[in-house]
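In the two complexes below, chain A is the common chain; its partner is chain B in one and chain C in the other.
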Partner chain A sequence: MIFHVVKKELQETLRDGRFKISAAIVFVLLVVSLILTFNQYQYNNAQYIEAQKNERSLWEEQGEKNPHSAAHYGSYVFKPKSPLSLIDQGVEKYTGISIFLEAHNRNEAQFSNASDQTALSRFGELTPSFILLYILPLILILIGYDAYTKELEKGTFAILKSQGISNTKLLFGKWLSVLIPIVTITTLLFLFGGLILSNTSDIGVFNWEALGVLYIVYLIYYLILTNIVLFISLVTKKSGVALVSSLVFWVLACFITPKIASNIADSKYPYPTNQEFSKRVAEDRKKGLDGHNPWSEEAKKLEEEVLRKYNVDSVHKLPFNYSAYRMQKGEEYQAKVYAKHYSWLDEQAQKQENVYKSTSMISPFLPTRFLSMVISRTDYQSHRDFSEKAETYRVKTQEFLNGLTEKNSRYGERYVASANAWKKLPKFEYTPPPFSQILNSNTPMMLILIVWFAVTGAVLFFINKNH
Partner chain B sequence: MFSYNFKYELKSLLRSKWLILLTIILLTLVLFAGYSGKKKVNKRVFDIEKANNTVKEQDIAVLKVLDSIEKGFVVNQNLRSLPTNPMNIGYSYPRVAAMYPLETAFISTGQSDLFTHYVQPKAYGDSFFFNHAEFSSPIQLLFGSFDLAFVIIYILPLIIIAFSYHIFSLEKENGSLKLMASQPISIYKWILQKTMLRFFVLSVIVVLVLTIAFIINNYNFVENLAEYLYFLLLTLTYILFWFTVVLLINIKVNNSAKNAVSLLAIWVFIILIIPAIIAQAANTFYPIPSRTKMITDVRALKDEVSKKQDKILDNFLRDHPEYASNKNQNYSFWHKYLASQDLVEDEVKPLIKSYETQLLKQQQWVKLWQYSSPAIILQQSFNDIAGTSTTHYQEYRSQVAKFSAKWRDFFVPLLYNNEKINTKLYKQLPTFEYKNPSYTSLLFKISIVLIMSVVFLLITRILFYNKSKKGTIIN
Partner chain C sequence: MIITRDLTKKYGDFTALNKLNLKVNEGEIFCLLGANGAGKSTTINLLLNFIAPSSGKAFINGLNVTDNARETKAFLTYIPENLMLYPTLTAIENLDYFLGIGGKNFSKKELEFFLHEAGLQQEAFHKRVQFFSKGMRQKVGIALAIAKDANVLLLDEPTSGLDPKSSNEFGELLLKMKKNGVAILMATHDIFRAKEIGTHIGIMKQGQLKYNFSCNDKSLQEIENLYLETMSLKDNLL
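Our next item is the complex of A and B:
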């Protein structure tokens, strides 16, 4: 019996001109968006590889130089593209691509794409995730809004019941028939995307597992939406009203809630301005040791300490270059200051994220949006992870460079390292956290999504029983 | 007959609940949007003021020290950091180059969440390379803000669609259309009057609600009346546009549920798909050159320059004989730096320029294609009115770059002529004032949206007469 319901409904959907047109449009949009993101991906990847190669050779071919000059010369590290950014580009447009690593300062990632584009790009972008998140739900509403109301309007509901079908079976049939077209489109997209990714050679660590989980997240999203659309169709009497109500839900869930959530998050836990943040850091830095300033109180304290420890009366008699030692101590202090302020920023981001999590109770769009970014590794957390690892590398680099001077020269000497010294600095290799770890830290989001499905499913089931 | 029709429709509108519902929804949305917009603007002003105050406090302290020195007192300060040294002032006491918000800034967030609103250029550092990025959560940037522009561009059409998608088809489905046809009024005139009445009522509500939001935000109507009127006019033409679309679909499709679906598809196209396609096309046709390449190029150049610094200083002094007079001067870090910085900036200029021109080309493209969707026209115009458009920030960047060069140049003669800073000179330090670019004619944009509406009305009229000839309007 369920089979008959599904067959009839699907046939009706497929015959419907509106569905044909919208399905064709969505298909074209999906293909176009996939091609566009793929091109962009390859372009960015090529840039990344070239820049990284250039950067390293610039560093290695500095020639003879004082290590601290080399530290000021600095180096850039670049963030690799994640393979699944093909599906969801997340916040990548707004986070920069490269970080400049130098002595004394921790820098933010610079040059986001968004700042290099016109205001128009804020409307949204033609990417697969845009279609998956916004347009496919709309198609789903189009297919399902009149699932029950049309039976009432055409007077076929009584006839249908007289065929001896139970409410539950009818519901299940309707449910499947709304879902099947959407699932087909999604499955095709993911298969196609997977094939592209697995057949491109210069891709990072692509695994089918992540793609599979991403696919499941979107499936649950569509399951929830199907529940809601059918629920609305059940409780309203007219197709027009059902359609408008479903649309109101769509607008609320996909457009209004995220914006309101972001407004609340921002006004409750605001970010400092760029200048304000650097000022705070500068103030803290003034309180401690500065490697370039041997006259400060802190510097004198350090000097006394070291002299006492080695039991000598002058820094000239120390077995290492004291100025490099002081430089390193200053570097360590500054790194600590940055760590403090950045961890405060991190907390702020975390609090904002909690606001989003709590608003996820109102909109199933939010947990899907976040999980999609998380799995594609294009979320804010992955960016912070990269930035954190770059900072660790920066601190290690300073240690290496100051160590060169400290070990190889005496106090008062100007040490010049040989041209091949720079090669000995280990390369920066960014390894993103393993997939299982990402998944573990995002189980709450996953749970919210599942709860959404369970609750909407249960409500639909009981309303239908008493219909 | 018009007055009967008018009275009847108005009465049924007033009696039905949707007018109250509509007013409540709009009032809540607009007030919330206006409130959060104003909050952002206030924060922006607060941040700038805070920076300004810090500079003012510093100035008082510095002037005190300078005054004491001039009067011959001994000051208790590290010799290296005395404010009489011009480069100390140039490096440690920068001015605030701020971009104050316009009074209309709360209308549209635009690009204001991406860029910073004040910087403090120093004598050291690249004027072209300023980091104008603001520190904001990327998730917030991704979702965007809930501002008045959003309510008007996205939500208002949906409200129009939700309440009027069956303005004509419902009469047909209820059977009242046949009754109407027997009355001494043409159906076309009647439905036109009915639609216009709704347009009129919604317009009154929207104008009222928006004005309330403006009043609450302490808007200065006397000084900025033109912006307020343009804003209302744009909104009203946009509402008119959507009503003509609704009417057209009602006549063309004439089936409530199908109307709603078609209108929604049009909404998605005009507001989501067309802007996305045009933005994508702009990026494809005028791609911004690789920033990673720029980074490596600039650094390679600087490396080269730093190796030749002594030679560059010689050349610089040859070009500026007025600075070379002081024969036994000891050239410091600053002498070399300032001499080579000019060279670096000259060399880098074309590279930096290529980014700005490419962005300009993208904007030209958008300017040309904005007429494909009233949503883009409106967003562009709102950003223009609010002073938060790409052009505004580009202008700010270039003004800051100029100011930064001016700031550095102020200290160059002082440094090379070995002059000291005194209270008189200190008061002559260059200051920055942001000048707003003038925006392109809004009236033209408004008339384009009006023309679109008229065209739709004409099409509707033709459709209507074709259909009524065939007799498919009523049956």
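Our next item is the complex of A and C:
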């Protein structure tokens, strides 16, 4: 029975000129978006590999130099592209791809793709996630909005019901027939994407498991939308009303709710401006030790402590270079100041995210959007993880450089490190958190999505039973 | 066999059908006449279990339609006044679909045979039904009854709007089914067709079966007089 309903519904859908045209357009768009994103990905990845190599050789080939000059010379670290950014680019375009590491300062990531582009890029890009999140739901609406209303309008409902088919079987058949075209397109896209990623070298840490979970997230999203579209078709009597209602839901779920969510999050937990943030950091830095200023109160206090500890009356008599020691202590204090302010920023971001997550209960788009970025590792948290690991590396680099001067010279001497010294600094290797950790920390979002499916499914089943 | 016992349907204070007692045996065509709103379609909807009775019972082949809604549908075919099919599907595909959802599967040859038996021209078998006339669509309905081997046929004004030739062809199909032992209940306004093909005629008025007689017992003129009597303005206003 269900097979016959599915077969007939699909026959009708496939013979519908509107569906043929729109499905063909969507399929072409998907392929084009995948190719465009892949080309961009390959270009960025090649640039990343080359820049990383060049940057390291620039660092290693500095020649003989004072380590603190090398610390100010600095170096760049580059954020590797996540393989699944092929599907969802998330916030990557806006967060910047490189961080300049130098003495005393923690810098934000810079050189985002968006900053290099024209104002036109603000209109959005054709990416697979855009099509998966916004366009495929439209096709789903186009297929399913009149699933029940057409039976009433064409007068086929009476003869259909006189054949003795149960409401549940009819619903299940219609449900499957709405889903099958969407799932087919999605499956093809993910398979195609997976094949590209698994057959391309220098692609980073790609695993089918993450792609599979991302695929499941989108499938649940479509299951929820199918429930909602069929529910609307079931409770309305006219196809026109069903179509408009479904489109209104689409606009509310995909455009209005995310805007409302981000506005609420922003107004409740505002982010400081760059200037404001820098001012706060500068104020705190002033309160503590500055490695370059030996006359400050904090520097005097440190000097006294060290002299007392080593039981000497002059820094000249210390078994290490006190200037480098002070520089390192200054670095440590500044790192603490940055850690304090950045952790406050993280808290704000976390609070904003929590607001965003709580609004996920009013639109299935939100948890899907969120999970899609998280699994693709293109969300803000992934960026922060990279930023934090870069900062840890910066602190260790300063420790290494100050240590060179501290151990190899005495106070008042100008130390010049050998040309080989720079190679001893370990390379920056960014390892993103394991996928299982990402999945575990986002279980609530997954549950929200499942609750959406369960609730919409239960409502649809109940309404259908009493229809 | 169709049986109703004191079958009643009320909508608030309004009684759409009042204690209808009816019996249609195998090989009989019972024609229900009556003005619009007399209760003909309500009777059919109750037999199809599309609506629940307020009181009384209806049986198809001995099974109570309320308790055995799905089982009774396996024995019957329903052809409404304007049988609508899925326009983008062919006649064969429509037939295959309706039979399939009723749990019956047939080969393409068998489906073609049923359509042929129902009198549909062969060249129409594989054509989309969007351009079919009402008569052609009714034939697909009859093919459905043949294929289901239905022993109960419920028809709701099936000949209204048909041209005389199609109406005549449809009448002949019903006679053929009657010969095959099908119990047919037909709601109609067509007194001439009822007299011609019916075995029994019932005339309804304001939800009640006013007259129930064998077609052989009354002339066409007498039937017409009784029908017009039930349609009198005075009575209808009461």
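Observations, loosely collected:
We take it that the second predicted complex is superposed on the first by the 467 of 467 C-alpha atoms of A that agree within 3 Å, B and C clash if a C-alpha of one lies under 4 Å from a C-alpha of the other, contacts with A are read in each partner's own complex, and residues count from 1 in each chain.
The working rule: a residue touches a chain if its C-beta (ideal position, glycine included) is under 8 Å from a C-beta of that chain, and two chains touch if they have at least 3 such contacts.
Source: prediction; values computed, not measured.
In this overlay on chain A, chain B fits alongside chain C without clashing. Look at A:Ala282: by the touch rule set out above, it reaches neither chain B nor chain C. Of the two partner chains placed by the overlay, only chain B lies in contact with A:Tyr76; chain C stays clear of it.
Put simply, the three-chain overlay gives an angle of 90° at chain A, taking C-alpha centres for chain B and chain C and rounding to the nearest 10. Contact with chain C, but none with chain B, is seen for A:Gly155 once the two complexes are overlaid on the shared chain. Within the superposed three-chain model, A:Val28 lies out of touch with both chain B and chain C [touch as defined at top].
In the superposition on chain A, A:Asn274 makes contact with chain B only, while chain C stays out of contact range.
In the overlay built on the shared chain, the residue A:Leu138 is in contact with chain B alone; chain C does not reach it.
Within the superposed three-chain arrangement, the count of touched residues of chain A is higher for B, of the candidates chain B and chain C. Between chain B and chain C, the minimal CA-CA distance in the chain A superposition rounds to 15 Å. Common to the chain B and chain C contact sets on chain A is no residue at all. Contact residues on chain A toward chain B in their complex (touch as defined above): 18, 22, 29, 36, 47-48, 50-51, 54-55, 58, 62, 73, 76, 78, 90-91, 93-98, 100, 108, 110-126, 130, 134-135, 138, 142, 145-146, 239-240, 243-244, 247-248, 251, 255-256, 258-263, 265-267, 270-277, 279, 295, 349, 352-353, 356, 380, 383. Of all the residues in chain A, the ones that touch chain C in their complex are 1, 3-5, 7-8, 11-12, 15-16, 154-156, 158-166, 169-170. Residue ranges on chain C touching chain A, taken from their complex, read 48, 50, 69-74, 76-80, 82-89, 93, 96-103, 141. Against chain A, the residues of chain B that register as touching in their complex are 32, 36, 39, 43, 47, 50-51, 54, 78, 110-111, 114-120, 131-146, 150, 154-155, 158, 162, 165-166, 256-258, 260-262, 264-265, 268, 271-273, 275-280, 282-284, 288, 290-293, 295-296, 299-300, 303, 355, 359, 362-363, 366, 375-376, 379-380, 383, 389-390.
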